[in-house]
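For reference, the structures are reproduced in the following blocks.
The two complexes that follow have chain A in common; it is paired with chain B in the first and with chain C in the second.
Up next, the complex of A and B:
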């Protein structure tokens, strides 16, 4: 029975990866496009809550780290913490028949809350990486997330993904992380000169090693290496 | 006598190279502005975009550091621009009339935009009047592109760049985050320009007419309720939005994308508090030169180079 399930699982994987790579974008590209979607959803964020204080640019006491709150407009978008306090992303390829069907599901996680819960947002994309829908998953407020001094964590992650996307064309060792990316995490660390950097660790399906990309806090590439 | 001929040759070479440094396409291609005769609504929108770009840049520049209420500021200018879009000009407007401060502050980028917009226009003109999508049309467009590229002092490179050219700087993303509606309006302009190429790649005249009409209608949908109505997460790219055109003209597509990215860079420079007023002009030159430089932010994915 177990071997049958394994076989079925294996076939599903083959089928789904074939479907993904027949056309469309790689898993790393889909991850990058998901981060663009996060930025867009944050830009649109409006609470639309008559019970909350108004928070609109230009109005007294406006807090740019929070969503706009214009009670006259509908609720939409996601909160800025998804852009400023993510700890990582997980991506899976979805089996599909046509290019406009759900083909990728990415989940962007915020730092855990004090109570151990974790807010996240699922983003569904089609084969070309076009976002189809999103769904927030409840959790407490992100706790102890690093305050990045210059670029936000989403931009730093995007730029680290660019290292893979561009690098994979000429460096074969990066290709698995473009085509079979599973996840990444982003945490503060130090570079060889002892400066603060974003350490972005990428995992890929079938790869034992982690690809560690260090990004300067202004978004420039710092260094990269494979670690066990 | 021989010496005289050499001196004369050198002088002519110098004079001609100096002449082509200007943003003057001389003589004008015989096809020039024929697109507008065939598709006046689309052409007038293109003229209105030039107006809209210049207006946004001028206002951002004049109000830099003093925009207390970005939402109100954005809504005010947006309503002015929508009025222009709904009643667009019949001819290309002169930016120096609408945006004299911008014209003075960004002389190089303005020349780059103008020269590139001429190529945009003439490519549309050839696509609009060519009977079929065959070799004659392709050769003619490539001929125009050679002419465009020959004017090196004002030509944006056709080597494709990574998105970090647009988004990888200390001031990047400020425009789209502060003024999401303006930003999506400008991306909608760029989408429209690109989509017209794809529409005009259709094999029959009837299909082309129908597609252009559709693109115009879709543009109005995109800008109907900004920032919600335009569903762009990122700047529209020619290869994605106009794949047939990009395959047929693999050098022109990145030249247009680089132009569009430079527009975003100018918007970010004007918006970001990290770029002080005193540095804007110099940054305009620096990034203009970067747009021309084939090696700056060169993308490894550009396989035809």
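Up next, the complex of A and C:
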């Protein structure tokens, strides 16, 4: 009798906690939406007073770490370096009761500064991947970040996530990297033909192997493999 | 001799048949001429070139004016369409006969119907969809398209998108406006696919969003969009955990006070996190000794949110937190 009560209690606990149910979107999808959010926040950073723009790319004194907004107005958005110089992303699923509560937290990291510090931005999403808030974490300017000749690093990372999201539908080996994604990093590398590609390494909870996706610099898929 | 006569007869009949084909050209009807068919069309195509040479002012049946043609309409129909005895040289093509027949069937109108004025682009979804989205976007932004992950087929899809494509009342931060106004290679429609939207089109899009993104003209400007938006206007800040979490904790605290954050040891995700924490974050009814209150009101470098991260909470936010703790820190 006691064991039945315990079982009933356990089941009640499980079914009363929405966190146990699958989130509305997968971790890979939430990561993709986070990268999109980064792009949006950078775009907002570039909005501002059209009559008095400041900090214009190509103009003397341009600082890519600063927004174009009027410095006398509250800052909107984040600096373009988050889009051009990210090195990776970490994602965590958050326990929650309702779908409009914080359900995912992603952190996008820039390349480390020379002093060892690292700028990052936390993005909080709800269960459907809708952005709720963001918070920048201080650090020095990104040092030694690669310059991508065509698409930026955020776009290349998004396209690599598309490979997982679309492939997971038909390829069971990709499914864990969609549903249990933990992190990814993006660095330059070479493909089999010796051409420059973006090497995006994905890790997933419970998976010993890394999923390595190579993307051409124009955003097209190049190749993928599992590595130890 | 008989063979010679027979051959002559065959030859003659062949000639006649050839002449018959020449007499009745098989030119098909150009159906575009049926649009807004009028006397002007048939006069130009048929009466002037084929009839006037005999049926002019020189006498007999006059076909030089609409009034005269109208007077003889029955006879024209009988001789040209039915009996095909006119024109006498048989030079009307099948297409021309059909054109004339169609004009007579339509009541032999003198003037063409005026072309309807195209409906102008208006600031509501049905108009924008017909004149912009369906023409410039839907090929990619639909199932099977290059941008099928960002569908634009229905208002619901657009408003429900987690990408904040349209924030009713806020065009400046709506993804749709950002995308069509930007001047880099991420502009929409893509530079390789054609010209950007015109200033008028962008202006109407802005107006639409400014007005709350109504679906149709009957939705009216500035009326709430009947389709639920993904981010409805939140309720005002109240002294309850649910409200404080929505307005303050989510925006100012959770990025650190959650797993993986700098303050992951002091989570702020649930009601229990705050009330059951051994750190006495919230002591219901006891504002002065609640850790949360102390943290948000202190003036040194241990203030929360941290001084290097953000501004302090606003005065009204601090007051609501105080009130909340004072009345016993209710959850809802």
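Simple rule for what comes next: the second predicted complex is superposed on the first by the 183 of 228 C-alpha atoms of A that agree within 3 Å, B and C clash if a C-alpha of one lies under 4 Å from a C-alpha of the other, contacts with A are read in each partner's own complex, and residues count from 1 in each chain.
Note that in this section contacts are C-beta pairs under 8 Å (C-beta built on N, C-alpha and C of every residue); 3 or more make two chains touch, one makes a residue touch a chain.
Keep in mind that this is a model prediction, so the values were computed, not measured.
A.B. asks: Give one word, clash or fit, describing how chain B and chain C relate on chain A after superposing.
C.D. replies: With chain A aligned, chain B runs into chain C, so clash.
A.B. asks: Can A:122 be said to touch chain B (first), chain C (second), both, or neither?
C.D. replies: second
A.B. asks: Touch check for A:145: first (chain B), second (chain C), both, or neither?
C.D. replies: Neither: A:145 stays clear of chain B and chain C.
A.B. asks: On the A-aligned overlay, A:40 touches which partner chain: chain B = first, chain C = second, or both, or neither?
C.D. replies: A:40: touches chain B and chain C.
A.B. asks: Determine, under the contact definition given at the top, whether A:107 touches first (chain B), second (chain C), both, or neither.
C.D. replies: After superposing on A, A:107 lies in contact with chain C but is clear of chain B.
A.B. asks: Counting only touches as set out at the top, which of chain B and chain C does A:169 meet: first, second, both, neither?
C.D. replies: A:169 sits against chain B, while chain C stays out of touch.
A.B. asks: Check the residue A:90 against both partner chains and state whether it touches chain B (first), chain C (second), both, or neither.
C.D. replies: It touches chain C, and chain B stays clear.
A.B. asks: Touch check for A:131: first (chain B), second (chain C), both, or neither?
C.D. replies: Touch status of A:131: both partners.
A.B. asks: Just one of 8-16, 26-34, 44-52 or 98-106 in chain B hits chain C in the overlay; which is it?
C.D. replies: Stretch 44-52 of chain B has C-alpha atoms clashing with chain C.
A.B. asks: Just which bits of chain A does chain B share with chain C as contact spots?
C.D. replies: On chain A, the overlap between the chain B and chain C contacts is residues 33, 36, 40, 43-44, 128, 131, 162.
A.B. asks: In the complex formed with chain A, which residues of chain C make contact?
C.D. replies: 149, 162-164, 172-173, 175, 178, 182, 230-231, 245, 250-252, 254-256, 258-262, 269-270, 308-310
A.B. asks: Which residues of chain A touch chain C in the complex?
C.D. replies: 25, 33, 36, 40, 43-44, 47, 90, 92, 94-97, 101-102, 105, 107, 122, 124-125, 128-138, 162
A.B. asks: Give the list of chain A residues in touch with chain B in this complex.
C.D. replies: Touch residues, chain A against chain B: 33, 36-37, 39-40, 43-44, 56-59, 76, 128, 131, 150, 155, 158-159, 162, 165-167, 169-170, 218-220.
A.B. asks: With touch defined as at the start, can you tell me which chain B residues reach chain A in the complex?
C.D. replies: Answer in residue numbers: 68-72, 162-164, 167-168, 170, 172-173, 176-178, 180, 227-228, 232-234, 240, 299-301.
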